[in-house]
């Protein structure tokens, strides 16, 4: 920050501590008290842009020297329906399978050969739970949309989709055949195999905590959670393994991607806006495209014992991504060798963006379905899905 | 005579001498006491024990007593790394501010309506009592909007402690108990003071306030306790983690904190209310009983 | 005679009226009106801004669509219609009623029995009171989080370990749709019963001993004394405590919010939680119209219920 201010003497940067929660974001948005530059997840950026709640950055963004290098799909996440750029990507991830190498070894499985099909996942989960007494496979099932998020992830790997079309005219397809298959997989692991342990209300951070404590064999989450595992739960790096999700052999099958981007308050004047863009450029984007900044960032993080080199998705093209990784190679302190299965397979997988219309409402409609399957042996999957579909459709049609 | 000192009346000494009563009733009382210890005190003792037990032991053998030694470091870590100290301080600041607002509103209002008795007192009293029948949920959303877009100040009060302090003053419960107390104050003293030339301010500060110590004690105890326990409102209006009190912060940090340290943090959060309760038992229990008398 | 009195009375009234007309603002100030107003001001401001005004606004907002950025628009009864059409509403109402019902079963007779036993304790009564009231002073958030660790569904969860000594369990507690709500009620009773015990205790010791003596003279046994003297004397307190408990449990929020977030599969979704979700659940802005509409519906329901309750019990509480 000091360097930025030195290079730009007319700009003063004030860091503001802020933790994103749904109600606080909405309130700050309404009260206009968000910091000038703030982060939003991919899912919210376009809706906010369409509602005029983010500043238009198109002019300043196009002027950036590396603008043409951006990955088109990633840039699209920050472009609203009118074609304006309202956010620049900060980091992108793909869903992945995280597994505990130590538990694999204890159960007699090869830690370097994580499962490549869902059938193998189910088999390995059973073996882990039988041989080690720990949960073999665990899935998020909390009512805060994470349950729906992971279920959607599974469905994408089987080739299904939650929506057809876009905007308010989109049609909800939650009750498609692949969703039923995914839920039956869960039902099998939960009730027949009993390989999912005894906790069924994991959210994003609890599941990380349980994994770091060594109680979970495998789970699905974003490929970037290693950072949280280290920072919040002080995980022992030697147990961590990262694999790509098993993808079915259908042409629609792929892996769900997400990410965070940086936006600017709509109510700022031009001077403040260009200052904000300069900051975004300096703090978020340059470290990905200039060697000196990349190395500087990496060395600072490493000095503070923060993870460097956690696998992410390229914001630009793959060449840039590989190049950036060679720059920071000396500082990488994450066990990349243990993440090899992911790194080998991910670039061959098709990346699919999250459902575009009313994303959070779609996930929310799926939450109780997942919870029901995991807590009620006799849950009627089809009728639950039909009900969820109705709820999601209502939300989509009303633009929520 | 207060509850503790009143002699038992239902069962007479003669009754007690009968062996049937001795065994039956006495036995039941002993059972009750044992149950109270296990149920009332048990969880708190468990919390205290686990606060200084290593996490692995708490998870693996929750009912064992220090199988591998104790971990006082949990407390230190809770205070320093989880920063329980800061949230503790926030809770104290919130409590003191709310208490002050409530005392000011309760004493001045009670004095005016009960002692000075203007002609519009009846109307205001009626309005105040009516709010008692309105469930708190009705106020939640508009109060929140009012804090986000306050009418006169035009600057959001979110993340300001005033958002918690000011609404605390509107407590109908305080109104009732203070009014009752003031109504029972002997009028002769006021008359005597007035004849001596005391104006309303002097009357308030030199006569009424000193006489109000008991009721102020009850109001204070309840105000401080209510503030310490408050959850939903601070959750909504204090979004900056550095300003949040313990009750709001504890759930959020649960997934980032190992169990032993987390339990230690919870234990620290309990200490002040428990200590306060043990020291000021009489005020608590009398105030609760009074609450019952009013409701009856 | 009457005519003269009438005239005299009228004259007095006339005189009084004239007297009132002659009062001026100055008289009012000198009479102490200004200082009185100053004293009332804090209370008026506090209640006006944070009690009366919000109540009025709730009614207004339930008929509007508010989105915090633009000015609100009037939408008539749309919000109420939307709430009534929400498939989650009947679930929330059923769950709330279930919670209130369970809370009444667990938490109503037990404090009474305990208080009766305690009131007859010959020594150490304050020990009983302190132990009973201790859970009440624990901050509710701590109580819930503590019980959440107790309710861990694995076989090494605290409760499951203890029950395991008796060869029972392990039970799913919060992880099962049928066990979740009773688990919530159990913790809620633990945290709140102490206050009720103290209220009963105060009422019990206020019972006139002469009534007991009279009953003893009539040859009443202990049970008969309790049935014919204690309970009738306590009728008022008992009835009021019951309605207050019902009103309180109808607004339960903390337990479902912190224990299960309304799950699993909406098994612990209560009306308050639904209101919270309407208003604050969406990160892009809440539906304040629906939230206030539901708040109003709940308030009106509770008011009507209370009236019906008072009417029904009036015949019981007056002798």
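Going by the order they are written in, the chains are A, B and C; count residues from 1 in each one.
Criterion: a contact is a pair of C-beta atoms (placed from the backbone, for glycine too) under 8 Å apart; a residue touches a chain by one contact, two chains touch by 3 or more.
Owing to the predicted nature of the structure, the values given are computational and were not obtained by experimental measurement.
Engineer: Return the chain whose centre of C-alpha atoms lies at maximal distance from the corresponding centre of subunit B.
Structural biologist: A
Engineer: A-C versus B-C: which has more C-beta pairs touching?
Structural biologist: Output for the comparison: B-C.
Engineer: From the C-alpha centre of subunit A to that of subunit C, how far is it in Å?
Structural biologist: Taking the mean C-alpha position of each chain, the two centres sit 42 Å apart.
Engineer: Taking each chain's centre as its mean C-alpha position, how far apart are subunit B and subunit C in Å?
Structural biologist: 16
Engineer: Hey, what residues on subunit B touch two or more of the other chains?
Structural biologist: 59, 144, 148-149, 236, 254
Engineer: Quick one: which residues in subunit C touch 2 or more of the other chains?
Structural biologist: Counting only residues that touch two or more other chains, subunit C contributes 68, 279-280.
Engineer: Residues touching two or more other chains, restricted to subunit A: which are they?
Structural biologist: 23, 30-31
Engineer: Which of the residues in subunit C end up touching subunit A in this complex?
Structural biologist: Residue list for subunit C touching subunit A: 67-69, 87, 152-155, 170, 172, 174-177, 260-267, 279-286.
Engineer: Write out the stretch or stretches of subunit A touching subunit B in their complex.
Structural biologist: 17-19, 21, 23-24, 27-28, 30-33, 203, 205-206, 208-209, 213, 232-234
Engineer: In the complex of these two chains, what residues of subunit B are touching subunit C?
Structural biologist: Its residues touching subunit C are 3-4, 6-12, 15-16, 21, 25, 28-29, 32-33, 36-37, 39-41, 43-44, 46-47, 59-63, 101, 104-106, 108-109, 111-113, 116, 118, 124, 127-128, 131, 133-146, 148-149, 166-167, 169-170, 172, 175, 199-201, 204, 225, 228-229, 231-232, 236, 246-248, 250-251, 254, 259, 263, 266, 269-270, 273-274, 276-278, 281, 284-285, 288-293, 295-296.
Engineer: What residues of subunit A sit close enough to touch subunit C in their complex?
Structural biologist: 22-23, 25-26, 29-31, 44, 47-48, 51, 53, 141-144, 197-201, 360, 367-369, 371-372, 374-376, 379, 387, 390-391, 400
Engineer: Would you mind writing out the residues of subunit B in touch with subunit A in their complex?
Structural biologist: 59, 144, 148-149, 156, 158-159, 236, 239-242, 252, 254-256, 258
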